[in-house]
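Look for chain A in each of the two complexes below; its partner is chain B in the first and chain C in the second.
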Partner chain A sequence: MRTEDHRPVDAQSHRPENPAADTPGTPVTDTSENPATGAPEGTAVRGGGHPWAGFLLRRLGGLLAVLVTLVVVTFLIVQLIPGDPARALAGPDATPQQIEQLRHEIGLDRPLPEQFASYAGGLLGGDLGVSFQTREPVADVIAARLPFTAELALLAVVVALAVAVPLGMAVAVATRGGRRPRLDAAFTFVTGLGGAAPEYVLGTLLVLVFAIGLGVLPASGAATLSALVLPVTAIALPGACVLARVVRREAAVVLEQDYMRTARGRRLPAPALYARHALPNLLTGTLTLGGLTLSALLGGTVIVESVFAWPGMGTRVVEAILARDYPVIQGTVLVLGLLAALINMIVDVLLGLLDPRTLAGRSHA
Partner chain B sequence: MPRTRRTAGTALAASAALLASACTTSTGTPGDVTASGQDAVIRYAVTSDVTGFDPAKASAATDYGFAALAYDTLVGRDDGGKIVSGLAEKWEATPTSAVFTLRKDLTCSDGKPLTPADVAASLRRYADPATGAPGVGLVFGPGNKIDITSDNTAGTVTVKLATPWSDLVTGLANGPTGIVCAPGLADPAKLAQGPVPGAGTGPYVIEKAQRGAAYTLRLRDGYTAFVPYSDQPQGEPAKTIEITVMGNESTAANELSTGVLDYAAFTGPDAARFSDAEYTKFTAPVLRMFVVFNQREGHPGADQKIRQAVSRALDPAAFNKVFGGKGEVMKSFADSTIPCANADASLVTPADPEAAEKTLSGVKLTLTGTNGVGGGAGNTYVQEALRAAGAEVTLRNVDNATWATEVLGGKGEWDITVMAHLNLSSTLTNAAVLLTGPPPPNGRNFGAVENAEFGRNVAMAMATVDESAKCAAWAEAQKSVLSRHDIVPLSTVPVTYVFNRRVAGATPLGLVDPSSLRIVKK
Partner chain C sequence: MIRWTAGLKAGLAGLAAVALVGLAAPYLFGEAAQQLSGAAREGVSAGHWLGTDALGRDVLARTLVATRLTLLMTAAATAIAGVLGILIGTTVWVAGPRVRETGLRLIDVMVSYPAVILALVVAAILGAGPVAAVLAIGVAWSPAFARLTASLAASVAGRDFVATARLLGVPPYRVLTRHLLPNIAEPLLVLLSVAFAGTLTALSGLSFLGLGVQPPAYDWGALLDTGLEAIYTNPAEAVGPAVAITLTGVLAGFVGDGLAAGSDPRAGRGRDGWSPSAPVPGRRAPDGALLVVDGLSVELPGGVRLVDGVSFHVMPGEIVGVVGESGSGKSLTAMAVARLLPDGVRATAAGLRLGDLDLTGRAEPARLATEIGVVYQDPSASFNPALRMGGQLTEVLRRHRGVGRAEARERAVKALEAVRILQPETVVRRHPHELSGGMRQRAMIASAVLPGPRLLIADEPTTALDVTVQAEVLELLKEINTAEGTAMMFISHDIGVVGTLCDRVLVMYAGRIVEELPVADLRVGRAAHPYTRALLAATPRLDEDEERGPLTTVPGRPPAPSARPGGCAFAPRCPVALPICATDPPAPVPTGEGRSAACHAVGVPS
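Entry: the complex of A and B
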C-alpha cells in the first residue's frame, strides 16, 4: 500500500467537522483553511514564518498572562470572602486579644499592598507560603494532595476516552445511513442517562453494590489499587457517556464524507479505514472536550473525594475556604489554574499535530 | 473561585468537623498488652483533619482527640464532673490554689522520667499569654495572675491564683492543658506540626502521619497512667490506633458496616443504619443551641419586653424536632450533662405565641446564624416562629467563619442569633464568659449583656470549691439570665457514637475519650 493511500484525499476533507456547521444556514466557522493561498496542510499560515514558532509564542504569552492574572486575582478574591481568618483559626474559646495576636502572627495586620508584595516576592522565589491553619508549607499541602487527584482525574479521562471512542465509532458505523434505529435510540437513551447521572449518586450506588453488598471492593480510601476502581468508575462513567455521544456524532458526519467513500471504494480493511481515515478527523472535538474534562477534574472531584474519603485537592480546597486559609486557597488556585492552562496548551499541540491548520487560529490565546 | 458553589454543600461536613468526637480528658484502666497483629488494632474515623498537634493550641474537636491520646492531663473528669486521677494521684484545692501530688512512675514518651518540674514547666508555658492557648481563661480565670511551682522531693505541683477561680482543678482536666515534656517545649513550632520525639506523656505516640488522610498511633511500652473512668470497659487497649479522616459521615458509615472501622461518630442520619443488635450506640449532646440578643442601644433586643416576647414565640421542643428530635430540650445555656446546669423547668418562659404577637408585631429583626449546623435549619425555624408572631425577620444564614466574625466578633449588624455552643470544657463557665464582661473588641460578651446579678453570682460560684455552694450560686446566676431573657434556651444537637461489638470506650460527660477505647472481644 502506498503512503498516499493512508492520507485523506484533499485538504477540504481533513477539516475538523463541527456538527453545528452542518445545520443549514449556519456559516462554517472553520479558521483553518486559507482561501488566499489554498496552501496544502502544514503551511497554511499568514505572513509566512514557521507555523509552530508563532503558535508557541502566542501560547507562552498567553500562559504568562494567565499566571499574572491568577496571582493578582486570587490574592484579591480571598480578601472578598467574608469572615475573619484569625477568628476562624483561633477556635471557639479564643479571647479577642488572642485573635489579634494570631492576626499579627499570620501577618494579616499589615497593609494590603505590603501583604501582596510579600506574597508576590515569595512566589518569585518559589515560595507559596504557609497554611494559616496547619502551618504546613502550601507547596507540601499541594504535593501531598495533587498526586491523588491527578491519579483519579487522569485515569478517569483515560478510561472515559478508552470507552467513548470505540463505542461512539462503533455505534456510528452500525447506525450509518439510518440503519438500526433501535440501537440508535438505546445508545442515545443510555448515554443520556449516564451523562446526566450525578457522580455522588453513581458513587453511592457503586459502594452500595460492590463494597457493602458484594464486598469485593473497598468502600473508601486510597491505600490499595483496588480502591481506585469505584471512584474512577464514578467519575469516568458520566464523562464517557458524554464523550461517546460526541464521538458518535462526529463519526457519523465523517463517515459520510467523500474521502471516506473514496477510501471505502479502495476496499481498505476496516481497521485502516476507521483508525487512519476516520479517527483523526473526529478526534478534534473529543480531545478538546477530554482536555476540558481533565482540567475540571483536577480542580476538584469534591463530591467523589468526599464519598470515597479520597485525600485529594478538592476536599482540601473546600476545607481551606471554610477555614479562610488564604495561602492554601491562593496556592491551590494558582497551581490548578496553571495546570488547566498547560493542559489546554497540550491539547492545542495535539490538535496542531493532527491538523496543522489549527496552528494559525484567528483567535489568539 | 470555581468551588464556592460547592461550599454550601460541604458546609455540613465542616460542621461535622466542629461536632464530632470531642473529648475533654485523658485515658482509662491498666491492661496487659499481649495481643499482636490485626487483633490489637482499633480503627476509627474523624470528620476533619487535625489543625495542629500542640495540645495547648487545640481549637477543634479532632485536636482534642489527638491531645487526649498523646498528652496526659493532671486529672481526669468523669460523669457528673467528678475529678479522677490522671498524672496526679492526689490533689487538694481552694478557690485560689491547688496542690497536685504526681504519680511516682511517670515517664515521657522517650522513657525518661516525668518530674514535677517538667509538669510545672509545661503548665507555665500553657498559661503564658505569649503561647496564645485559647482556653487558658477557662482554666485559670480570665486575666488571672498565675503562679506555678513544683517540688521534686515532695512530688508536687502547686498552682496559685490571685483571684478565686474554682474551676481550676476542673480546667486542668481539659485536653489542652495536657503535659508536654521538655523536647516539645523546646520546639513549639515543630510540636504544632507533628510528633516531637520524647514530647508525649499520654498512652500513644504518633508513628505515621499522612496529613488530611490517615494517622497511625502506637501504644507506649509500660504506660500505666490510664484514667479510671466509672464506665471504663474492661479489655485491652489497642497496641495500634489507626485514625482515618473521613469528612463524609456516610463514608464512615460504609466503612463501619463493612468492618473496616470499629467506631465512628454521627451527627446526621447515618447512625440509623446500625441496629442495636449488632452495634453499641450512645447518643450525647455536642452542640448547645440558645438564642442570644444584641442588646446594644438601638437594637430591639435592648428591650427586655422584646426579649420576653421572643422567648414566648419560640418552642424549644419544636426546635429540637428540626434536628430529628434526638436532642435534649434545654433549660439553660447548658444541658444536663454539664454540672450545675439548671433543671428547673419553671424558670424557663413557656411558649405563648399569642402573647408574643402583641409585642412582636411589626418589629424588624435581623437574624444572623451559622449554616454549619444542619444547613441552618434551626435558624429557619426561629425565623418562621418569629414571623408567625408578627415580626419582620431578615435571615442571614452564613457559614461558620462569617457568623463567628459578624456575631461573636461584633463586626456585623445583627439583632438576634442562634448560638451554637460547642462547650469543649463541659462547664457552665464556658458559656458564662460569653454573657459577662466587656463586649468585643475588648471581651467576649458579644451580645453586650449587662446583667450585674449574673456576673455577681458567677463570681460567687468561682469563689467556692464546695460543690453544693457552687451549684447554688450557679442556680441563681442561671435564674437571672432566664428571668431577664438574656438567652432563650433551645435544645442540644446530639452526636451518636456507634461501636461495633469488638470495641468499647468510656463516655465521661457524654464524650468518648479515645484513650479509653478497649478491645473487648476478638
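Entry: the complex of A and C
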C-alpha cells in the first residue's frame, strides 16, 4: 500500500534551497582584487575537507541511530503486549505451568535491562532467536526470504523512476507555458487515478486481466522471471504515478530557471538541453520530495507479496503476526526497517552525486 | 483561500454519496448480504450483479454494506492520526529548543519509514483485529501530522501578526481562533483528506492480509481477500471491493488536490515565436553596420507591446549602451536580438540581422551559439548548479565547433586566466556554488567570449554584484572590446555606468528608443530629450570620480505596457510637456551627427 506517497505535502521543509539560488553563508574565499592595485588576492576556491567525508560520516551516524532505534522498538514489541505477554503468547488453553515455562524460556522473568542486553547481544552475534512456530532459527528464515523481497522492492524502485522521470519531463516540456491543456488534464487525471489505486488492488486487477483473462503471465509464485512482471508492476505503478506528478512539477520549475536560458543560449539540441541541463536539477527536487515514495514502495511490497503468494518477508511476517510468532516478527521487522533505511540512504547518495550542495544539509536517515 | 474547482466539488460530492451508501446500505441490503443462497461462487447474473461468494451471498450487497464499517474505521484511524500527531507536534514544539531539535529529527525519521512497517509493529503488539488495525494505522500516520503541526507552528509563531496581536493584548484564545486557525486550517485540511485516502487503503490492506477485520465481520479489504481466493471461479467478486477502495481513494485525492490547488498560478499562454512580417521599418542603418535592428517589437499574446518598433544598429567594435528604467523593454530588446525570449512573448521585426546572419528566420544553431555571446544579469542563477564549470564553459566549443575535450578544456582554462581568475585549472573542476559572485560573472564573461563571438550582449552584467566587483567587470569588458574588437550591446539601468563604458547610448522609455546620443554628449550632460535629462539630473556628475550613491529616481513611474497613453508615454512625468504630447506620439528626429530624439519639444525654443 502506498500510504505515505502523499505524505510529502509538507515535505517542502526537506527541500534544499531553490536549485538556482546561491547557498547562503557558504564561506567562499573572496577573490575580489584589490581595487588599488588590480592584483588578485586569495585562493580561487574554497578549502576545507572533502565534502563527501562529512556527509558519509553523518550518514553512517544516522544509520547507526536508526539501527539502535529499530533494535529498541523490536525489543519492545514483546514487552508492550497488553496484559501478561507470556499468557498471551501461550494461548488461551495453556496451563499455568506452561505459561511459566514459556515465560522462563523467553526470559520474560528476568529484569528488563538484562532481557535487553541478551536480546541486543544475540543480535550482535547474528542470533535472532528461534521461531516459536517452526523452531527454525530466525536468521535462516530471513536469509531464505530477504532476497525475494529485496528483488521486488529494488526492481520496483527502478521501474518507478524509469517510468516517472521521462514521463513527467516529457509532459512538462509539452505543456510548458500552458500549452496543450488537454494533455495536461489527461496527465493529471490518469496519474491521479493510478496514484490512488492501492498496490494490492492493482495487483488483484492485474491478475484478473493478465493471468486469468489473457493467461499470458503467471498469477503467483516466484519460479520464473515472468513471475516478476505482475508484482513489480503492481508495486511500481502507483508510485510511478505519484512520482511522475512530482517530476512534472519540478521540471516545470527547472525549465523556467535562468540557467536553462543560458543553456538555450548555447543552442543545444533538445536531448542535451533536457538530459544534461534539466535532468540533474529536477532529480534533486524529485528525490527530495519523492524519496518517501520510494521507501514507501517497500510497504507496498510487503502487502503485494500476499497477492502473488510471493515467498518473501511480507508473506512471512503476516504469517508470524497471525501466529503470534514473536521472534520471527522481531527479526523481519528489524530487517524491513533496515531495508527502508538502505533505500533512504541510496536516495541521499544519489542526491549528493547530482547536487553536491545537498551534502552539507540533509541528514535524516 | 479555498477555490471551488470542479475536482474539489466532484470529490466532495462523491465522498458524500459514499457516506450516504455507508449510512443506508446496511438497512437496504443487510438482509441480501447475509442471505445464503444455494448458488455458491456464481458468476455475474441478473440477480447477482457481481455474482455470489463461497456461501452464495450476493457480492454487490456485501460490498455496499461493507461501506459503513470501512468508512467508520477509516474515520477513526484518521482521527487518531490527527489528534495524536497534533499532540506530538505541539508537545515537541513547546518543549524547548533541545527536545524540539531531537523530536523533530525523530519525527523526520518516522515519516520517512513506510507506514506499513509501523502498522505491522503495532499489529504485532496488539494481535490481529479491527481495533488493533485502526490503532496501528492511526499511529503509523501520526508522524505526518506531527511534522505538519511542528512546521506550521514554526512558520506561524514567527509571523508578525501573532506578535502584534499579543502586543495589543488580544487574549490567547482569540489569537488562536482569529489569527492562527485560518492560517493553518488549509494545509491541515489537505493533509486530512490525503490521510483519509491513505488510511483507507492501509486499513483495507491490513484486512486484506487478514490482520484487520475478522470474520464474520467484513470490510472492503476482507472482501477483496476472499475475492482473490475465488478469483478463478468468480472474478467479479474481487472487482466490487477493488473498485470501492480505489474510487473512494480517488475521491479523497480529488478533495486533497482541490484544496491544495491554490498553489499553482500558472495560467494559459500562447506559443512563443518569431514572425518576420509586417512591422513598420524604421530608418536605414549605415553601411557596414554589424547588427541591424529594424522595427523590432515584442508583444504578449494579448497584443500588449512590451517593445514597440525599435530600430538601431551596432557598428563593428562599437559598444552601444541601452539604458532605461526597469520595464522600459531594454532587456527584452537584447533577448530578442539573442533569440532568447521567454516562452509566451512574440517578437516581430522588419529586419534583424547580424552581419550576414538573418536573425528573423531559422538561423543555424551553431552560428547563433558562436556568433552571439551573452552575459546574463545574475551570474549565480545563470550557471547550471548541477554541472561543473569546465563542462559549461566548453559546451559551445565542443558541440558547435567540434573541438575535442582536452583542447576545449585548455581553451577554457586560458579564457578563465584572461578574465583574471586564479587557479583556473582548479576552477574548471568546481561547481558554480563554490565560486564567489564576482568570479562567477567573470567566468560568465569568459564563457561568452570563448567561442569568439561577433557580438557580445551584456544584460545588466553588474547589477547583481557589489560595487568593487562591478568596476572590475566593466574594466574587463572594455579590455575585451579593445583587444578583440568585439562589438557589444550593454544593457543597464545605470546611466552613469553606461557613460563610462560605451561609445554610443540608446535611451529607452516605455518600449521605445527616445534618444540616441554619443557618450561624449552624455558625459557633459548635453542631452536633448527631457527623459534623458531627468535621468542625468537624478545621477551624480559623471566626471566627478566619487562613489555613486544609490540611483536617485526620476519622479513618477513609467506607465504599465498595457496602459500606455496615446501620445508621448513620458507626458505624465514630463516637466516641459506640450498640449500635442498627450495626443501624438513623437517620432525620432535626427538632432545632429549620430544623434536623434523622439520629442515634440526638441528643437522648439523654450
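Keep this in mind: the second predicted complex is superposed on the first by the 262 of 365 C-alpha atoms of A that agree within 3 Å, B and C clash if a C-alpha of one lies under 4 Å from a C-alpha of the other, contacts with A are read in each partner's own complex, and residues count from 1 in each chain.
Everything that follows uses one rule, which is that a contact is a pair of C-beta atoms (placed from the backbone, for glycine too) under 8 Å apart; a residue touches a chain by one contact, two chains touch by 3 or more.
Just so we're clear, the structure is a prediction, and the values are computed from it rather than from any experiment.
In the superposition on chain A, A:114 makes contact with neither chain B nor chain C. Residue contacts after overlaying the shared chain place A:291 against chain C, while chain B stays out of touching range.
Touch criterion met: A:215 reaches chain B, while chain C stays clear of it. By the document's definition of touching, of the two partners only chain C reaches A:176; chain B does not.
Once chain A of one complex is fitted onto chain A of the other, the partner contacts of A:94 are limited to chain B, with no touch recorded for chain C. Contacts of A:84 after superposition on the shared chain: chain B is touched, whereas chain C is not.
Residues 77, 82, 88, 204, 207, 212, 219, 299-300, 302-303, 306-307, 317-318, 321-322, 324, 329, 333 of chain A contact both chain B in one complex and chain C in the other.
Residue ranges of chain C in contact with chain A, taken from their complex: 105, 108-109, 111-117, 120-121, 123-128, 137, 140-141, 144, 147-148, 151, 187, 190-191, 194, 197-199, 201-202, 204-205, 208-211, 224, 227-228, 231-232, 235, 238-239, 242, 245-246, 249-250, 252-254, 256-257, 260, 266-272, 338, 340, 342-344, 365-366, 368-369, 372, 374, 376, 378, 380-387, 392, 395-396, 399-400, 420-424, 426-427, 430-431, 433-439, 468-469, 471-472.
For chain A in complex with chain C, the residues that touch the partner chain are 1-7, 9-11, 13, 19-23, 26, 28-33, 35, 40, 42-46, 65-66, 69, 73-74, 77, 80-82, 88, 176-179, 181, 188, 192-193, 195-198, 200-201, 204-205, 207-208, 212-213, 219, 252, 257-259, 261-269, 272, 276-277, 280-281, 284, 291-292, 295-296, 298-300, 302-303, 306-307, 317-318, 320-322, 324, 326, 329, 333, 336-337, 340, 344, 354-357, 364-365. Interface residues of chain A, counted against chain B in their complex, comprise 77, 82-85, 87-99, 101-102, 105, 133-136, 141, 144-145, 204, 207, 211-212, 215, 218-222, 299-300, 302-303, 306-309, 311, 314-319, 321-324, 329, 333.
Listed in rising order, the residues of chain B touching chain A in the complex are 1-4, 6-7, 9-11, 13-14, 45, 48-52, 58-60, 129, 132, 134-135, 137-138, 142, 189, 192-193, 210-214, 244-248, 250-252, 254-255, 257-258, 260, 398-402, 404-406, 408-409, 411, 421-422, 424-425, 430, 440-444.
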